[in-house]
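Have a look at the structure that comes next, please.
Order of writing sets the labels: A, B, C and D. Residues in every chain begin at 1.
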Amino acid sequence: MTTAPRTGTPADASRVLTAGIDVGSSAAKAVVLASENGEVTVLSHAVVRIRKRDIAAVIDHAFTSAVEEAGAGELHYVASTGEGEDIPYATGHFYGMTTHARGALFLEPRARSVLDVGALHARAVAMDGRGRVLSYKMTSQCASGSGQFLANIARYLGVSQEEIGPLSLQSASPEPVSSICAVLAETDVINMVSRGIKTPDILRGIHDSMAGRFVRLLRSLDVEGVTVLSGGLAGDVGLQAAIRDALSKEHLGKTAPVELVTHPLSVYAGALGAALWGAFRYRKLDLGGVAWTAKTSP
Amino acid sequence: MRAASKDRSMELQKQMIADHYKRLEEAPATGEPVVYTFVPGNLTELVRSFGALPVLPEINALQSGMRGKSGEYIAAAERAGHSEDVCTYVKCDIGMLASGNIGPTGTRLPKPDLLLLSYTGCYTFMKWFELLREQYQCPIVFLQVPYQGEGMIAPEHRAFVVKQIEDDLIPALERISSRKYDEERLKDALRLSASSEDDLVAVLESAKKRPSPIDAYFGAVYYVGPIFSAFRGTPEGREYYRSLREEVEERIRLGLGPVTPEGPLDDQKYRLVIEGPPNWTSFRQFWKMFSDERAVVVASTYTKVGGVYDRGFRHDAGDPLGTLADYCCGCYTNLNLPSRIDLLLDYIREYEADGFLINSVKSCNSFSAGQLLMLREVEKRSGIPGAFIESDLVDPRYFSAANIKNRLESYLQMLEARRAATP
Amino acid sequence: MKCAVGVDLGSTTTKAVILDEERRVLGRGITNSRSNYDLAVDVARTEAFVAARFELLRRKVTGVAGEAVLDRLLRAFRLEQMLHQLGRLHVLMEEECGRAVPAEVRKETAAALAAIFRRIEAEETDAFAQPEAPRRSDFFRDLAGSAFTRAAEAYDAAAFDRLQGLFDKCIIRAENESLALGFRDHIGAALERIGRPADIAPAVDGAVNEEIDDAATVGTGYGRARLPFPKEQIRSEILCHGLGAHALFPETRTVLDIGGQDTKAIQVDARGLVTSFQMNDRCAAGCGRYLGYIADEMNLGLHELGPLAELSGRPTRINSTCTVFAGAELRDRLSLGEKREDILAGLHRAIMLRAMSLLARSGGVSNEFTFTGGVARNPAAVRALRELVHDSYGERTLNISADSIYTGALGAALFASRTAE
Amino acid sequence: MRLQEDDVSKRSEIVDWALGVAEDLDFGIAREWIAAEPGRRACGYLPVYAPREVILGSGFLPVGIHGGGEHLEIIRGDAFYQSYICHLPRSVIELAQTGRLDFLSAVLFPSTCDVIRNLSGMWKVMYPGVYVRYLDLPQVIAEETGGRFWREQLASVLDDLCALAGRHAAPDDLREAIGLCNESRRTVRELYAARRERPWSIPTEELYVLLRAAETVPVALFLEKARAYLAAAEVEPGPKKDKSRVIVTGAFCEQPPLGLIKTIERAGCYIVDDDFLLGNRFLTVDVPCDGDPLDQLARAMLTGSVKSSVLFESSPEGKRRLMKARVEAARADGIIFAAASFCDPALLDRPMLRAGAEADGIPCIAFKFSENSGQFQQFREQAGTFADSIKLWGGE
């Protein structure tokens, strides 16, 4: 696929179709949006896990299935984010925190911060009411408390990804995880099993230690009000609960405690943000024409 | 009987500290000027000769560590934008300030009338006071103390420090205290200092006896407290060291060892020399690891950060400002690495140590940078293996008990095996 | 006969070594430490005693019967053990299937399980029939795991995930049951399987009844604090590795041990006494577990990594030695089109670079040098180490024993044999 | 027209040359210079500031040792340092232990921080044959105290080096050296000014390697290359892009990998001011060539040294006002605080500088690097987000 020359203007110029493609370390996500006089509708979304496959192919797969589901013959702006910098048919690229902030705001207009937790990273971003990034904080180059780490432990415990959250919720007395290093923590966990600690308590212990880190990230930004959980782990109800507990314990927020919200589309926050900024730029720069048409797709 | 005799000096110290912090709390009311300064190169005699009260931020920080407060203070400082990489004394102090500036005895600490930086053997001190100046908006006097890069105090360096004391410090102290510099008062204080210093050295060197009546690291950090902080050159300071010396001499007479948190340690299996500051957040747990293995520390470099008195230096009333300059230039972390290596070797020899251990703290590059070379050199030149463990001053996140215990056990088992094999 | 036992309870594997009165190695046993240390110790000991009885057998029948017969008997014995474990795993998975799998697919899943286990048992029996035993993992978890995955791939994605899920759940249970895997439990069946050759059958019956009395035991290793031994029966793994390496190679003056989550550099004197040591702290970067993650990432057995890396022409330069990030870096670089073997070679070099700084800290490599621990079995790791040591210390003798993973346990056993006297 | 093509090729030639020199871990040009005549010697110095005039004035070639960069594999160096100490001294020791610094007959260790200070003692222990000198910079600015102290330091270094070279300290040699260094500093200022005016035509990755090369070659050679580069950049400006103007500060000692500089400028930023290799412009004024040269050098240090983390800030407002002044001078949109991990000077200063900048409404971000950072994704994300926000909200 290649970028089409911007020829003519589409039938209905007031209606802008944009796509957002968010390439993460474990999956590629794509959405197609229509925005018309202030109204934004999500026409389609698709996620394809990378699973040791060629990333370019995965991206195309996610993009084309989103486009087909949306039935979009042409797009005015294709915006990439995350690792998607080099997508040949992207009109422009926005960086991860810019898009997650915007996407989170779209999913939850009250949100003033977003907690983006992926397989290998975690970052907290504070934004204003227009999705402008005010400040951020990310975890360091060590995988402690990353999604990957949680996945490894779950595998060891014989728990599938989907079961992690529900099991963690059953925990009566969470078992704290001490070690800084993920591998040493893994040994902690092995010892826990040998001490007969229940799986839910172990999982919740890990969730708690992750939540602790994330809340420290938020705290370092002095966030207020509502925060959205986005990224690959957004759907983990155990993690959600752990973060909520940590938030209340840490008394985050000067006036009222910080409220954590999630959304069925949380996983698409980055892609949504990219598509929204795409539309914003399309209008701001008054580009006109289309960036991509089905004819040019493979 | 042991408990009782032990208690006297401890009681005295407790009382001195309580009184001092009480006086500090009342300073804003009584109008006594307050000078913040650091342990190494502290000019207590001069400061007090102007009726000013010293506050030593490191002491507050380590006290916060021992009282389990440092964790939250450090977190507060890091939230305020301080890096996790830098000295935790600084962050603990700044965090304490942000949390109401309540000192170790639960009393509020007064604002400084003057920040007195009279030591540059630690780079971080300079930044620490720049940071405090942002908080307090008060004057700083900066005395540059040249490092002993060539292993000695050059005469021109001594003169440089004296000139700074005359040109910058004395006028500043006169301003905040509205008193004139009184050399006689200073000389009286210096005489008191010298006599306390004699007693302290006698106590530290008692560790040459077998069994050693003291632990020259875990125990001695309490012994050096008064002389390293606000009480050098004071009558109560001298009183403390007199009674401490008597207690130690009594223990020698009775052939007793020190009393550790786990009880008396008379039957001493290993005699160790230690380089580097202790960890304060797990101080007792750390000490217990040694006493459990019946290891006693017979000499340490940390107890020299406020003055290397056991190598002969004494405050000299005969040359008041010159002696202060010598003192500033002579503190342990102002010695270059070759000198520090020689000192360790001397201690191992003089105190007939079985081994030496380096506790390398993340916070303090002045101490830590180069310690791995020191380890190797001392091993090479003494033929005695050393141990190397890593922790931090007051950051609870950096004390990994399991790792440290494993290393210490392995090390002592190694010394034992060598001893068994070499008749 | 009297013997001394050393147990090395490591973070990933547990090893046991048995010495006879002459301090000759009678038997070795290994298992993955899994999640139950006491059990791990039992299994390792049992394995060691199995090996010990085979050794006694070997001593008896040499001259009477050939090595070949004994090897065949040993392989038959292993097969019996394997089948026993597979049987148990199958039962557990059927139970779990009945409990956890949705009714509508339960029957087909159970059927799939039956088919898969039939296939694995067949594979195992065929493998036994082969004249040459291929090099493979020591651990039931790995053997069963790879065989199961291979077989399960025949089914569609949904079924595959379901089956794999069942396996992940049950393998840990199977591992944590104490199964009867001793010499007496299976030697009979093994003997039958090879048709009771007359030249060894009587000796075998003798070996079954032979009394072995473990006079003294010493424990060491990462989990030594958890061993049910009194303090004087516990030794630091540093001392045990020093003594063990000295026993294997008396001229050794430097020992490097890379275990699952710690790396040790040890200097020993002419008597095997430790004179200095260094070990990693707080972070397991560059330890054996690192390779474990890579193997998982590539769906390879741990033992397959080295040989693959050996094919590399120009190793990639790897930056992060954070174990958990290794997988991600691998993926990144693969997506950049770099060759698998080059990346692997780079990863091996990265591990060894970490080890080199510990070595230097402990005093360098001044003389004969021994590399022990699980990673010493990995040819690519050994090559990287050989190159680095040569570059920074010049020509040095590098010892690696096939049994180097037992070095700590051997040292412990030697300490035990001393206390026995 | 032809001329222009020549200049284009000339420019890339110069950049290739500079890159080659900057990444030459064996200091080939310095070695050649020494070999060219018997009796020639070189004197190394560590960051941040060392008096090159004094080194030149005693006949030595000054060689800046700024670490081993991203290409040096650390095998022995890590054995000397705990995990919580910055990367620079590891690679410096690696260079020394692999014989790459054996051409230096003297090394100066300025009072940049305690790590470099202690490294001077380590050098004394490990390389007894080399002249090792720890150099306390003047922290007090009064002529009578700091001034005299610094002059004594300079004098004793000069005497020691001259003694080493078997010659007498001659004021005229020193004056000549001062003139040469003035010239070099003027050229560096010109290069920085040109980049500030036309960042699209002078990419920082080019400017940086040119100045990195300057640290290890004879001054005259640097001047020749730098002038040619300026001329070429005039003729061939390169495409102007819509990027935000940023100051990168905090990397004055351990140097960022070139990849990091590229990453920042490719993620939508133009670097219009920085403190890389700060020593080469540590003195902001020309040092007068008349009078007693040592007096002049000492005075210039007291009155004309750049504001930095290695010298005590005597003015109470100094830290708070510094960044605003730099932003205005460079017409920057924002500041990237890029400090080396575990760098005490940069990291302890950062809260003060950042608070000051943010109080003045200047957008800031901060991250840490090390000279051998190999993965730039985190930096790209942050610099990119920074550029995004200026792109999306610029002019508000």
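In this section, contacts are C-beta pairs under 8 Å (C-beta built on N, C-alpha and C of every residue); 3 or more make two chains touch, one makes a residue touch a chain.
All of these numbers come straight from a predicted model, not from anything done at the bench.
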item	value
Chains in simultaneous contact with chain A and chain D	B, C
Comparison of B-D and C-D by number of C-beta pairs in contact, larger one	B-D
Computed distance of Cα centres, chain D from chain B, in Å	36
Distance between the centres, which are taken as Cα means, of chain D and chain C, whole angstrom	52
Averaged-CA centre spacing for the pair chain C and chain A, given as whole angstrom	40
For chain B paired with chain C, centre-to-centre distance based on mean C-alpha positions, whole Å	50
For chain A, residues contacting two or more additional chains	141, 180
Chain D, residues touching no fewer than two other chains	79, 83, 375
Set of chain B residues in contact with two or more other chains	372, 390
Arrangement of touching chains [line / ring / star / complete / other]	complete
Chain B-touching residues of chain D, taken from the complex the two chains share	79-85, 89, 111, 113-115, 117-122, 124-126, 133-136, 138-140, 142, 144-146, 148-149, 152, 309, 312-314, 316, 319-320, 339, 341-345, 347-352, 354-355, 368
Chain B-touching residues of chain C, taken from the complex the two chains share	235-239, 271, 273-279, 281-282, 361, 363
Complex interface listing, chain B residues touching chain C	372, 376, 379, 385-386, 388, 390, 400, 403, 406-407, 409-410, 413-414, 417-418, 421
Chain C contact footprint on chain A (complex, rising order)	25, 50, 52, 54-55, 119-120, 141-144, 146, 148-149, 152, 155-160, 180-184, 186-187, 190-191, 193-194
List of chain C residues in touch with chain A within their complex	11, 33-37, 161, 165, 168-172, 222, 226, 261, 282-285, 287, 289-290, 293, 296-297, 320, 322-325, 327-328, 331, 334-335
